[in-house]
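Same chain, two partners: chain A is paired with chain B first, then with chain C.
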Partner chain A sequence: MGDFWEVLVRYLPDFASGFFVTCQLVAVSFLIAMGVGTLVAALRVQPLRGLKLVGGIYVEIFRNVPLLVLVIIFAAGLRRAGFDIPPFAAGTAALGLYTAAYVAESIRSGVFAVGQGQIEASLSLGFTYPQTLRRIVLPQALRTVIPPLGNLIIAMIKNSAVIGATLSLAQDLLKEARLINNKTNLTNESFFWAAVGYLLLTVTATIIVRRLETKLAIRR
Partner chain B sequence: MAGVRRWRWLIAVASLVALLGVACGDDADTPGGEVEAEEFDEGTPMADIQAKGELTAGVKYDVPPFGFENPQSGEIEGFDVAIAQRIADKLGVELNAIEAISDNRIPFLTDGTADIIVSTMTITGDRDAEIDFSTPYYIAQGRILVSKDSDIAGMPDLEGKRVCTALGSTYEGIVTEEIPNVKARTPETYSECFELIQNGAVDAVVTDDVILTGMIIQDDSLQLVGEELTVEPYGVGLPEGSADNGMQEFVNSVVEEMLGDGTWEALFQEWVGQHTGETPEVPTMTLEEALELRPCVELC
Partner chain C sequence: MTYLFDPDHWRWLGAGKNLEFLLGRFLVNLEIAVICMILSLIVGLFLALARLSKNRAVSVVAGTWIDVWRNLPLIFILLYGLLSLPENLAEAWVRAVPDFFPNALQSRFALAGILGLTVYNSAVLAEIMRAGIKSLERGQGEAAAALGLPYWRSMRLIILPQGLRRMVPATVSQLITLNKDTTLLFIINIQEVMKGGRIVTATSDNPFVGLNVEAPLLQVFVFIGGLFVVVNLALSRLSRRLEIRERARTGTTTEKVSGLEDQVALESDVA
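Moving on to the complex of A and B:
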């Protein structure tokens, strides 16, 4: 039992640094996922078939390629093709774009929940389609999809561990746990505290999502 | 037409026998000739391994020329594998060579997944606190690998640069703590470091010269620079307690025999010498001397 506390106390700076890096990874990936996800959802619901196809292809590719493969392609493949991508950017881009595909699908289902009637009414009042999406449809759709988005964000927090594990792209919480484990050979203790760190993040995310739900969501 | 049928049958059987004879042909001759299996007292790890019928050895799968997969035959081979094979021959059992990366070498011994580890593992005091080692079977040196058009010539030039080494290796501490402002990358395996230096994500890879030589073999736009950073005596990893139950004594006897009877030089020439052009120098360092080089720091 003593070992557990000893590992935490002795390596607190390392765990804290890793935790902080994981927060940064999650924050940047979140912004990418929400931004790109909303854009792709918009592409998928609007009437022009060409753009709809682009959105569809994006979702199919990024949903069906395993995250680990995606990270390696972004970190190593793109570099070999000549793009000098820094490791942090490669990792967050891969995680963000991967999650964006799921976010897009979630938002799309929210848009259908809003209903064709509102879109028709808005267009007949003189709004353009982009204006309709921006001012009428998406605000309502986003409120509907907060619970599933919450799940996606929790998944993304856990998936962020892949970034540190692949080609050492970032010294995140899991990576720090591995380094500490190598120094001490206290495997259970090192990874226990890493798990606690990830739990802190996911529980915080859950609380925030639940608060947003009660404040904003339309439950159907 | 019974006569023709019998001929065809004879030819078919003869071809099958010939094919089997070729397929079950003997492996590449180990230098040193035929090795006889020894007998061991019951209850010793050696007898247990003999009862099992196979020796499970953790080796590297991606570090030529010590442990790697031959691209043509698909077999795992190399200097380390040859050492493990000799130990298996002395036990009279098959060798089961599993992959042991730097990160899981010690866990494999402590949880029994592997009987021995022959995986470019440097003898250190910290590791000796968790497992036991054989007498050194190879002395490698730490060097720096850079691209041929790099202007890094030694350790001082690494300041502020992006440097790669494997997680769990002895260089992890050196790279992360002794180079000022270093941007260290520590992936799980050396093949990942190789990928990183090839795609330009890191400026240098720091590890044993033989591991780096394996990278140069695959990509000759890289070169070794700098003086010897460290002396790395490799030892066979054994489960804790081997010093008392006879396993360490047995493995030492096998290694010492190879060092003495010309086998070591032949293996060196076959796996290392032909690529580096270096002359073989039979290791004379003892286990005690190796442990003195790297006394226990974190785990004592």
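Moving on to the complex of A and C:
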């Protein structure tokens, strides 16, 4: 039992920096995922068929390809092709673009969840189209979208470990646990505290998402 | 860009035994996914039943177990399994593993891989099954009890057949995730398709050379990604069709399970 506390006290700065890197990876990837995801969702709900197809292909590809394949393509593959991308950027780009496909899907379903009749009603009441979007569609769409997005952040926290496990320069929580394990040979102890770090993030996120879900639920 | 579209790099894939080698390795991924899916379904069902148990102690223990493992990164579980697995257990596995298992599973790392995938996915599936069972109207259980059916028989005859049918689409989605996740076994040194991709594109000691070009790493992994896209697309079509049929039949939706990326996919496909 003593070893558990000893490892934590001795390596707290390492665990903390790993925890911080994991948070950074998630935060940056989430920004990328939101940006690209919104763009792809916009492609999918606008009327032009060609652009709609582009959005659909993006979603089907990035949703069905393993994240690890993307990380390797972005890190090693592009380097071999002559583009030198720093590992942190390559990792977050891979995770961000991967999650963007899911973000796009949840935004799209949120927009579609607002009935067509509401848009027609609003237009016939004399609202302009931008007004309709801003006052009728978006407030409702946002409510349906926030719980699945929270869900994706949880999945993202877990997926971020793939970056740390593949790219040696991204020293996230999992990587730090492995380094501490190499130094001390105390596998249970070092992995236990890393697990605590991950659970701290994922369980907190789960609780927040659940709260939001009940709070934002629209009774139809 | 010229690198990506250079036809020589793509032709390299077809040269010699390159393609055959990669496809063979891809088959290993599919096999591992199926094996772990079956194991996870069995373990997951027991975990779900334990969590739904009326015995509070059993339910709390099972609930904690499920919540801990499904909230940890899979690669974390795999690495921990690899590092903490006792040596003699790994050797016992190598001796005990049946011959008809794929070659990649004969290695001593395979036990950690299968255990890790099963521990994580059984926790996730348990939660999916629990959601399916809980989405049934309470009246179903009460009616069974009123008819005098004991707990286990009402579970077996009334609750499980209905509850589990509702979770079939979510389970197919989880199979897609599991299929993608088998690539993580590369990190714990199992001879699957990513490892294969690394071997084919290694810059030194590389037996796989063709057409006098340097092994095109980018193309190889784009190709591997393509293999997954094809198989998973077929699976997601299947899950979508099952979901629509199930919804038309019962007119209900199952409860959500948090923390799964494909949960989102499942919801949006039908909307």
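We take it that the second predicted complex is superposed on the first by the 180 of 220 C-alpha atoms of A that agree within 3 Å, B and C clash if a C-alpha of one lies under 4 Å from a C-alpha of the other, contacts with A are read in each partner's own complex, and residues count from 1 in each chain.
As a working rule, a residue touches a chain if its C-beta (ideal position, glycine included) is under 8 Å from a C-beta of that chain, and two chains touch if they have at least 3 such contacts.
Since the model is a prediction, treat every value here as computed from it, not as a measurement.
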Could you tell me if A:S168 is touching chain B, chain C, both of them or neither one (first, second, both, neither)?
first
Check the residue A:T38 against both partner chains and state whether it touches chain B (first), chain C (second), both, or neither.
neither
Classify the contacts of A:E60 with the two partner chains as first (chain B alone), second (chain C alone), both, or neither.
second
Applying the document's definition of touching, compare chain B and chain C: which contacts more of chain A?
C
Kindly classify A:T187 by the partners it touches after superposition: chain B alone (first), chain C alone (second), both, or neither?
both
Just to be sure I read the superposition right, which of the two partners does A:N159 touch: chain B = first, chain C = second, or both, or neither?
second
Contact-wise, after the overlay, does A:T92 reach chain B, chain C, both or neither (first, second, both, neither)?
neither
Which partner chains sit in contact with A:S29 here, chain B, chain C, both or neither? Use first/second/both/neither.
neither
Taking the superposition as given, does A:R178 touch the first partner, chain B, the second, chain C, both, or neither?
both
For chain A, which residues lie in the overlap of the chain B contacts and the chain C contacts?
76, 80, 165-166, 178, 187
Please name which positions on chain A make contact with chain B in the complex.
75-76, 79-80, 84, 87, 165-168, 175, 178-179, 182-185, 187
How about chain C: which of its residues touch chain A in the complex?
3-4, 67-68, 71-76, 79-80, 83-84, 176, 180-184, 186-187, 194, 197, 216-218, 221-222, 224-225, 228-229, 232-233, 236, 256, 258-261, 263-265, 267-269, 271
Taking the touch rule as given, give the residues of chain A at its contact with chain C in the complex, in rising order.
60-61, 63-70, 72-73, 76-78, 80-82, 99, 102, 105-106, 108-109, 112-113, 147-148, 150-152, 154-155, 157-162, 165-166, 174, 177-178, 181, 187-188, 191, 194-195, 198-199, 202-203, 206, 209-210, 213
Using the touch definition from the top, list the residues of chain B that touch chain A in their complex.
103, 106-107, 130, 164, 167-168, 172, 185-188, 192, 195-196, 198-201, 298-299
